[in-house]
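Structures follow.
Each of the next two complexes has subunit A plus one other chain: subunit B in the first, subunit C in the second.
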Partner chain A sequence: MEYYHSPDSIKDALSMAREFDGNFIYFAGGTDVQIYRKQKLEKNEHIIDLKSIQDLNSISMKDEVLSLGAMTPLDDIIKSKEIQNYFPLLMEAAKSVATPVIRKTATIGGNLLVRNRCTFYNQSQEWRNGVGSCLRDVGDICQVTGGNNDCYSRNVSDTAAALIALNAEITLINSNEMTQKPLKDIYLPCGIKFHDLDNKNILTQIHVPFRPKKWWYKKLRVRKTLDFTSLTIAATVDNDDMARICLNGVSMAPILIEESLDTLTIESLIKQARKNCKTVDNDLMPLKYRREMINVFLEEWWEYEHHK
Partner chain B sequence: MTGAIGKPTPYIDAVQKVTGQAMYADDYKFPNMVYVSCLRSTESHAKIKSLELKKAEASPGVIAIVTGKDIPVPFGVLSISRDETAMAIEKVRYQGEIVAAVAAETIEAAEAGVKLINVEYEPLTEFFTPQDSLKTCTPDEQIHAHTKDHKNIHKTAELRFNEPEKELETAKHKQTGEFKFAGVTHGFTEPHSAVAMWNGDETLTIISATQVPHYLQKNLSKVLGLPLHKIQVKKPVLGGGFGGKSDPFPHEMIVSFLSKKIKRPVKCTFSREEVFITHHGRHPTEINMSLSCDAGGKITALDADIIIDGGAYGSFGVVTSYYNGVLLQGPYEINKFGFRTRRTYTNKHQCGAMRGHGAVNPRYAVETLLDMMAHNMKMDPCDLREKNFLSEHSSTVGEFRITSNGIRDCIAAVRKKSDWDSRYGKLPYGHGLGVACGFFISGSALPILWNRYPQTVVHAKLDFDGRIVMFSGASEIGQGSDTLLVQIAAEELGIPMDFVQVEVADTKTTPVDLGSYSSRVTFMVGNAAKTAASNIRNEMVKAISKEKDTTAESLIFRNGRIFTKDKSLDITWEEGVEMAMAGRGAFVESGFYISPKLGGNFKGAGAGLSPSYSFGAFISEVEVNPKTGETNVIKVWGAHDCGKALNPLAVEGQIEGSIHMGLGQTMSEEMRYKNGQQLNANFFDYRIPSSLDTPDMDVTIIESNDPEGPYGAKEAGEGPIHPVLPSIGNAVFDAVGVRMMELPITPDKVLKKIKENV
Partner chain C sequence: MEKVTLTVNGFTQSVLVESHETILDTLRNRLNLTGTKKCCDEGTCGSCTILMDGKPVLGCLTPTLRCVGKEILTIEGISSGESLHLVQKHLVKSLGLQCGFCTPGVVMTAIPFLEENPHASRNEIKESLSGNLCRCTGYKKIIDAVENAAEEMRS
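Up next, the complex of A and B:
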């Protein structure tokens, strides 16, 4: 297979990335990207598989900071005693992704970078030819809004919601530099370019420095497994009563609301959430219901937070 | 019963299937085989202005391209609605309809060829809802030219007995409801696949994933203009059907035509998306139904007005139209009874037969109305039902003959097991129980195409090796019919099952069976197989009693031996075989089943006639989250009267499968469309419940011993689905006090109703 490459170091991966610039994708577990290839939504020819690179799939705790290699399978995260004991929120979120079989292959890095979804985009090529392609594909209008500027495809990463609520940081390696930044900062409010990684960036590590006093997690979906989220909310509260509430699945990027419990009211929380979420009718669950559930979930968290 | 009958018996093909040895249609590969890919319409209703094939024809690897004009003879499973051709001619009627088919050396080359075909369409008015189709339109807008009064109505089926409308007008206790059901599809695992070969002797062989080899043979003969005796249809191992493979299909015509044309084996296997497009599933349905009772809770009348959305072609639709009404005649006695069903053509995937054919949606309606009635009359819903059951050996208003009937045992069983009497109506808010009953045909008494032959014939062959081979046209589709043939022969001849093998579903070597539909196989093929095997035994008895000078009646066949009660004669099976074959060699005996003459003399009297009916009662328990509307089905108790469980393991499996499938339609499955294009044509977005969504199941088999069924057996493959859906809907009412009149019961609908209720 001339298009398949399996470098065993980051250095090699980056040099391949330079060689095939503009015509490659990184491949972690492949559980997301393979479907895009099959549906011809991903047309880049070369696959750079990151699986053989050493040291990208470890789970370690040092000075109370959890470090996860980007290539760690979700299943390992669920089974890790450290994560179960100290970061149960992350465990719950990982457990809510896809199915047990997929989670053995799917990685945490891949999950953070899972591609945005839309009912009118995640379809076969024949299907898309039927309706006419949309803005995000090769067409010129959005099939949902009829507009010709913005794409509202949804960020559906469940672990992103949890890790943002946990204030996680990530390490990225580019040709000549290593950067560390808050996870939340990589996401962009755009359905087409939904994160700011340049195409050669490799996500290597995720760091979780913070163990909240309390946490809460809930995912809305039709079936109890398999389905992508229609709304995920992860929330944490630290020792100073600072609340971090992250919503995903309802906008182009995860939405974070950060405020002290001293000042936060449920009304203002709902107002902020509803204002920031650009929710449109691009999921099979009805739009009105998904919006309603933002209120219901937040109210449920609020009750949980104030009754225990 | 001393042998294999009545014992839980794993399927004889189970090991083959789980080890991957089983050969499904797509597993067949032949030298020189070519592959077909189909060009499908991107329009829902449009004239084909031009079709440009030149570029595709020149594409590397492409061998032949066919279009609608090449195979113009219409076909269809019902002779009264042969309204479909292998590919669209002149116009397309739904998005995804096949417009051209490309045969090439590889599938990739065929797909590349498809992309090079240019089609120009001229859009026509599109009809996406039955309401649109009921209106008058211009002749040009008609989906099919043959519909009457310039409307897109395919069929109106109506029957009325004893003026129910008059009773309903004045009834004191009356419930009326408007119900709406989304379309659902079969969701079988194996996609449609067929491979056709044109043989050296100018005959055609087609190996196809079909439930109806016989009807395929008939339709191929018509479409290809080939005499029946030159067509061999073979059904390989099949990965599920549920009614979705019980029509002749366009791709079967296409591969057959192409193999004749290019004299090479031709294969076509659908993608999952194509399977969804092909559909033929349950019709989206709207029902307006009224039901009345007297003060004592005895049902006095039922009337229903039903609209079913047939999609672009006929399929089984005429039967579906009738079944929507006539199968409301049981399990309750209703003497004033009427219905009208209108089936419309629309520009969507065509609907057809699916497990529980035609009766699932109206069953939901009537069981919901009964629940409303019970609530209104402050009566226990089980008690109300018990007041109304048809009795054994009775007749319905439309002259269905009822023979055995175990419905009372069914409801008693689930009532007790679910602790209904102490829990119904008393559970905390958000938690509820619901009950429903049902009944279904045990095989359609009339063949689809009228003829004077039996509905099935089975041959049993005995040879020198002691092996019995059962030859039957019956189509094993996962329901266990192959195992049944073996069990029956083993039972009749007192031999271990491994002495019996089957040759099945091959129109060249096996006698005709009409197919696996309408829950007919156990009853009809079972009876025929029993006769065939017992005829073998009779022949053996004759020979042995003559040679050993015993009376015929004294011979016992058991455990692989043949003996008299006093053991003065005690020989092995093989010794018996040797005696039976002396001087004549291997022989074949035959058995057949033909339904007794049944039914009334009015138009439509034949619909729903069956030599026997199955009955069932189910109770479901749910939890509803009143804040989100999410409904969790926790447990289902199901009791089904299958007459006699010839293979209890299979019956249990059928009941559990029915619960799972019924759950899907109730809770989450739905064919979603936008402008005629399906939004969820894949197993990710078409939401079949997962194992986590599937409740605990408690299955009770009730045996009422039917006088005409083989060993007393009736059906168990479709009947158990009917009560599942309304028992869940009724449980939701018990939980949160809202009536779900629309399926699927998605959280948004439940929440909306809860909010309206306060």
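Up next, the complex of A and C:
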């Protein structure tokens, strides 16, 4: 059986989460989670729709800090004049997600918590039965590596790359406390448990404290629209020349490289990126090409950054 | 099963639905409104696009229970009797459809877009329809049709 609930407060949503104890799923825009349900990769019985909760859909600026409600649709972010003017990197990243129609439903919170992807896992039940199930589903080996311990499914959130490069923080609420922490700290280097949120946690707000001196963003995908990322890089440089370069789509979690431009060289940047990204052959684009594109994108950013 | 009241194309009616059902299945299987097409059923083709309170949404990803209290508009509610909406008229005139399977989704995406962006450029029109896949036309004639409709809507 499946049940749909639409609480109108965080308190009610949390008390439902307690009542259904692990047998529920939070539903924001549903543009990610619905597909997992259809493919029988998500079987929890209760859907807790967060849409009717007041105050989770907002864009505001106070003391130069941008705050976004987790239920804000990506389309509202793209159209916000404040974001266009002061946080164009976030606008570009939001604009590169999915399609214009999907972005009217898809939320920023859902995008930050989008589930990791792999060509051997994000398939219909029939496909998976034919090829063989994997570690992340009900099988006992990874179909990509043949190993039986680690899953390398990829974090594909485009806005996570941008918001980590922007040093964003998030607010989470669970039954007894509210916590604020850097967004980058929630992601785990594991394809199965890819973030450290307790399943009852509700992501409520995203805070972006800083406006970089320079920014750069690029996403590699098969078509210019619709496709998930094969490699996303977002980079910022602050007034003290500290660079924050975040790569996503090429590892189980977003990879952040943070270093002053005074010491960073392109060779060391590429070396760090290639070392930290656990890229395996689980995307539509071939592995060798994706690895090479890490160098190409980083070199492009480097050139842009050093172009007088 | 749950009994819900839905307003579709201006008519309000009660219907029994499963709690996980999508509005696409409700429209097609319970209300016999089969104009909205089911193609990929997983968000990648745009053929199931409908309007919810004037905003385009994908029917295959939208729970029916989320549509309660909203105004749903489907392709069946677009023309007034025999007279087609300008977007439909130009799709016919510019040969912007062949098998027609993607067409309801194209119409339901283009109409709210042009209402919001009456002066959209050709590139903006292309971008707005970038989630609507068509295996027949090669897209050029669809874009031509929407551009021509925009022009006539402005005049």
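Criterion: the second predicted complex is superposed on the first by the 305 of 308 C-alpha atoms of A that agree within 3 Å, B and C clash if a C-alpha of one lies under 4 Å from a C-alpha of the other, contacts with A are read in each partner's own complex, and residues count from 1 in each chain.
In this section, contacts are C-beta pairs under 8 Å (C-beta built on N, C-alpha and C of every residue); 3 or more make two chains touch, one makes a residue touch a chain.
All figures in this text were calculated on a predicted structure; none of them were measured in a lab.
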Partner chain in contact with A:I102 - subunit B first, subunit C second, else both or neither: second
First, second, both or neither for A:R37, with subunit B first and subunit C second: second
Which of subunit B and subunit C A:K51 touches, first, second, both or neither: second
Partner chain(s) touched by A:L112 [first = subunit B, second = subunit C, both, neither]: neither
Which superposed partner A:Y4 touches (first subunit B, second subunit C, both, neither): second
Partner chain(s) touched by A:G130 [first = subunit B, second = subunit C, both, neither]: first
Subunit B versus subunit C as contact partner of A:T225, first or second or both or neither: both
Subunit B versus subunit C as contact partner of A:Y289, first or second or both or neither: first
Set intersection of subunit A contacts, subunit C complex versus subunit B complex: 99, 224-226
Residues of subunit C that touch subunit A when the two form their complex: 18-20, 22, 41-44, 46, 49, 55-58, 60-63, 65-66, 109, 113, 127-128, 130-131
Contacting residues of subunit B [partner subunit A, same complex]: 40, 42, 95-96, 271, 273, 627-629, 668, 672, 674-675, 677, 679-681, 684-685, 687, 689-693, 746-748, 751
Interface residues, subunit A side, partner subunit C - complex: 2-4, 6, 27, 30-31, 34-35, 37-39, 47, 49, 51, 98-102, 104-105, 224-226
Touch list for subunit A against partner subunit B, complex: 99, 119, 124, 126-127, 129-131, 220, 222-227, 284-286, 288-289, 292-293, 296, 299-300
